[in-house]
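In what comes next, subunit A is part of two complexes: it sits with subunit B in the first one and with subunit C in the second one.
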Partner chain A sequence: MRLRKARRYILLYVLLIAIAIAIILPISWIVASSFTTRETVWKNVLPFSWRAFFPADFTLEGYQAIFEKDFGRALLNTFFLGAVTVVFGIAVGAMSGFAFARLKFRAKNFLFALVIFSFMIPGDLTIIPSFVLVRDLGWLSTWQGLIVPGLANGIIIFLFRQFFAEIPQDLIDAPRVDGATWLQVFTRIILPISKPALISAGVILFLGQWNNFFWPLLVAPDPELRVVQVAVSIIGIEQQVSLWEQMFASSTLAMLVPVLLILPFQRYYVGGILGSGLKG
Partner chain B sequence: MLNKLRLERWTPAFFLAPAIILLIVFRYIPIVLGFEEALYTNSLSLAGARKFVGLNNFIAVFEDPVVWGSFKTTMVFSLVVNPLQVGLALLLAELINQRVPGIAVFRAIYLVPVAISMNVTAIAWGLALDPNYGLINGIIRTLGLPRQPFLQHPSQALWSIIGIISWIGVPYWSLFFLAGLQGISSDVLESAHVDGAGSLRTFISIKLPLLRRIIAFVLVSDTVVNFTLFAPIYLITRGGPQLSTHLVMYEAYRRGLVYGDIGIASAIISVLLIVVVVFVAVEFIVLRPRH
Partner chain C sequence: MFVRKALRLFGLSLLILLLAATAVTSQDAVELSWITDLPGAEEVAARFTEYNPHITVRVDKVSFREVFQQNQIRLGSGSSEPDIVSVDAPVVASYGFRGWLLPLDDAIPAEQVDGWVDALHTSSIYNGHLLAPPIWNSAQVLYYNTALMEAAGIAPPAPDERWTWEQVTEAAQALASDADSDGVNDVWGLQFGQYNRIYQLQPIPESLPTAVLGEDGLTVEGIIDSDDWVKAFTWFSDLHNTLNVSPQGGISSGELFRNSQLGIYVDGGWMINQFINNPLDFDWGVAPHPYWDGGEVTVPGDSWHLGVNPNSEHAEEAAAFVAFASSPEAGRIWFDFWGVWPAHEEMLAEFAEDPANAEFPNQAFVVAAGEAPYVTPRPLTVGYLEYEEILSDAFEDIRNGADVAETLSQAAGRIEREMDKYRE
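And now, the complex of A and B:
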């Protein structure tokens, strides 16, 4: 019996480690290759050597080259875009989530169905008519074209509604009896005790904006408004020669930020995306 | 007091208006706009060229061999990638649901691809699968095996794309199954154990049936998301070689924004939208809580 258990454990760890390797190795190869020159970038790949996964002949040439091409601008743009989206996306999502959870009004079920249905249809599906709409609004190559269409997010609204629905009624009744308006209840009572939902929403909104590619590619490919994912794709494909070390360097930076964000906030991120699927 | 009451009548509207207006303008109007644009031709070019063509664009969707081909390729792709990802995600969830020392570290590692964009994943795997330089061929050839063309041969390109997107997709969907597995009461599993059921038997006869709602949800969501797959095709294969990875969203992009024919592009996505709505409607009916 104990032998069987030991064999089970060994098999389990072999599988766990094998999958972990399949995830870590490509990433460490990208990171290692980002510190090489164009001449040495393939040196340890063919013939293959384990050194391909560790920086060899360390150099920052790739990084220097991409920053000369305004990759720093793209990073700043995306941070700005992410920050604005987080602030306004949370405001829009939390307010409507509060209404759905706590207020009585007509057509509630219908309006909530609008929210649910909106996140069952991926935004990328209607990206071409959305592009036509934003073009007709005169918002091509503008910040508002990048930001406003993504502010109302069904998953975020749903997340806040679920969270606010669990808040004990007494916490709301007491200030209401004392004459507080709903807005006061919302800002002074509800929001201060909703940190988990706010963090979940913030992480999901920021990651979504950081990793967004198709929409900014269509709406604002201009250098002044260029976001990280578009900048990476331009280095990756729109060159005559393959700028490998720059592709690796820009990819490294583009994935570093979301990975550093998701790991400390794992619980919040996972809790947030799960709420949308499991309780729906 | 009366004033305040009158003000309170508008409270729900105040809280709801931003979200509902934004959803209607930026999520629902584009759906209508897509169907409308599909009735016109060449609407991205000069204003004078916009012409009502009735259902011609929809007819073209079914008659143009490249457009219809992209639908067929997308169907084949969907029938492979979605069951594959759901199956692997279920197995991965069962694996990381084991309570063994260090499991939290593995769960954190498996979350990393979820954070990385499809865009960077596509570029990185495009380089890794390069037939001349790529990491994977480097390993294959060092092991003494023949070089593989991967993304550059019609027989392997779509499979390579499926592999690339599953690197994100499988860990992502496994999060949903893991939560489902953790929600199964230990009493149920305990009694299965007492009855002598092994892990495999328990997984198939007890856990899978209990997870069926989540499986249905993930299968539909995964299918719908994969219908819109764009970045890897745009960045690596451009639909090739020989149209083997020419998926429908890339075709809509190419027609609408490269050739400027928003009409046919809108017809393509309108057809896709109808398919998606049917999928989602079926999901709603299947998953509706029974009281």
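And now, the complex of A and C:
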């Protein structure tokens, strides 16, 4: 019995290690290549050798070059975009979620079904109508064209609604009896105990903007408003030739930020997702 | 009292003058938008603004693939931006069919139009109208690594010597080697720069010679699944699967060549500048594009073209820019910036005769320019995007060892179904 259990564990671990290696290897190669000269990037790749995981001639040229091409501005732009989206997106999502969870109003279920429907439709289908709307508002190549369409996020509203629905009714009834307004209940009682949901929503919104590529490219191709993912796609190509070390350097930085953000918050993040019922 | 009045009057006059100046400036100042991936676009735009100080061109750089996506969404939704439309040669017809390009028959001087290389002029026209002038000229050539050639005991082709594909295959077999016997070649014999795109593979069947599209611009059945196509792509399959001289997978051919891991490399003339500016650490050479023994010489080429968005609020200014960007003067800027040849026959002749280009490596530019008469435009069809995408899938399958006849037959069926929507 014990032997069978041990065998099952060994098999499981072998499988998990194999999957981890399959995920880590390409990323390690990208990181190592970002510290390599363009001439040596492919040297150890065909045929593939373990040397490919170590920079052949260590250099920071790739990083230096991307910052000379304004990659720093793209980083700052995306931080700004992410921060504004987090603040306003949480405000919209939390208040809507609270209304759906706790208030009584006409057509509530129908409206909530629309919210769920909004994130079930593939984004590709809505991109042209959204573009036409933003264009008609005169928001092409503006910050509001980048920010506003991302504020009312169906998943975030759903997450908050599920989280607030679990809060004991007494916590709400007591201050209401004492004469507190709904806004006071929401800001003084509900929000302080909603840390996991707030952090999860913040991380989801920030990563959504951080990884957004096509929408910013479409509505604001202007270099002044360029965001990280768009910069990564453009920076590594010059005169129709791939500048591999720059491509890998910009990709490494684009990967690093979400990792640094997720690590300190992952406990709340997973907790928030589980609490919302979004995950199995 | 008087002083105060005079000062007030002076202030008022100044304000009126300032307002008038602002009004005139804002009335005249025009900003054109242009979405492109082209190197040198900013330089061409800046020169245009020197001649037309009231017009500035905002260059929004995106990558190659995104130019098409941006065009489809923006032009398809009737947006007034971009004013200047970047159009790859094979999609001129497709954009023309959809009404996404303003006819420019009267906007470009006749002598400028007459001076373009014939194939480029043909690609600019749809339904009898000039829609998108060419801005430069490109041709594919054969690059070789002299040291690897010599080590394999092969005499490389002279700059004016056009090898046959049979000669190339023989040389590629001699070049390919697996010194450490690990089953993966250390040196590959031959690879194309764009090994899964019809743009570069079109001459393989076309040089036999055989057609690549029906005369109606839509039919492919009986053409891309014909015996000639099967023969052409069986050779392509053999390179990757039985002769083992060309690598499979998505590895960059240019980087393999740069690292002395590829003996013969077929790619655009634009690589010459790359190899000169960022020098290779071995001797290399350039020869004309190969053809089949007894077949016809056809060379992939073409250009990016520029058009004007019919919904542009500044169509006149945008047309003036397109006229400039396709002029000989702009042709010189494109060439100086990244070594692509101008679209004008007269300039090509001048460059070819220039003593500065008589010696290697500049001589390589002359080889590329000399290919202009053999450049065949890509299939002129409104369904080019579908045609290209389905064939790319088929070429990838063939590289990976799929049955050639069956793969091409399936591709023909898929393309026919896609073309049905244009048959009305």
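One rule holds for everything that comes next: the second predicted complex is superposed on the first by the 247 of 280 C-alpha atoms of A that agree within 3 Å, B and C clash if a C-alpha of one lies under 4 Å from a C-alpha of the other, contacts with A are read in each partner's own complex, and residues count from 1 in each chain.
Quick note on the criterion: contacts are C-beta pairs under 8 Å (C-beta built on N, C-alpha and C of every residue); 3 or more make two chains touch, one makes a residue touch a chain.
Please read all numbers here as calculations on a predicted model, not as lab measurements.
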{"item": "Fit or clash - subunit C, subunit B, common subunit A", "value": "clash"}
{"item": "Touched partner set for A:218, first subunit B, second subunit C, both or neither", "value": "both"}
{"item": "Partner, of subunit C and subunit B, that touches more residues belonging to subunit A", "value": "B"}
{"item": "Partner chain in contact with A:74 - subunit B first, subunit C second, else both or neither", "value": "neither"}
{"item": "Subunit B versus subunit C as contact partner of A:237, first or second or both or neither", "value": "both"}
{"item": "Which of subunit B and subunit C A:105 touches, first, second, both or neither", "value": "first"}
{"item": "Partner chain in contact with A:140 - subunit B first, subunit C second, else both or neither", "value": "second"}
{"item": "Which of subunit B and subunit C A:45 touches, first, second, both or neither", "value": "both"}
{"item": "Partner chain in contact with A:262 - subunit B first, subunit C second, else both or neither", "value": "first"}
{"item": "First, second, both or neither for A:131, with subunit B first and subunit C second", "value": "both"}
{"item": "Clash with subunit B (superposed arrangement) - responsible stretch of subunit C out of 167-175, 347-355, 383-391 or 401-409", "value": "383-391"}
{"item": "Overlapping contact positions on subunit A, where the subunit C interface meets the subunit B interface", "value": "42, 45-48, 127-128, 131-132, 214, 218, 233, 237, 244"}
{"item": "Residue numbers on subunit C that touch subunit A, as the complex places them", "value": "35, 37, 39, 58, 60-64, 66, 69-70, 73-74, 76-77, 79, 81, 180, 182, 184-186, 247, 251-252, 254-256, 258-259, 261, 268, 270-271, 273-274, 278, 281, 338"}
{"item": "Subunit A-facing residues of subunit B, complex", "value": "4, 7-8, 11-16, 18-20, 22-31, 33-34, 37, 43, 92, 95-96, 98, 100, 103, 106-120, 123-128, 133-135, 137-139, 141-142, 167, 171, 175-176, 179-180, 183, 214, 217-218, 221, 224-225, 227-228, 230-231, 234-235, 249, 252-253, 256-257, 262, 265-266, 269, 272-273, 276-277, 280, 283, 287"}
{"item": "Residue ranges of subunit A touching subunit B (in the complex, touch as defined)", "value": "9, 12-13, 15-16, 19-20, 22-24, 26-27, 29-30, 42, 45-48, 52, 91-93, 95-96, 98-100, 103-105, 111, 114-115, 117-118, 120-133, 148-152, 154, 157, 181-183, 186, 207, 210-211, 213-214, 218, 229, 232-233, 236-237, 244, 247-248, 251, 254-255, 258-259, 261-263, 266, 269-270, 273-274, 277-278, 280"}
{"item": "In the complex, subunit A residues that touch subunit C", "value": "38-39, 41-43, 45-48, 127-128, 131-132, 135, 140, 214, 217-218, 221-223, 230, 233-234, 237-242, 244"}
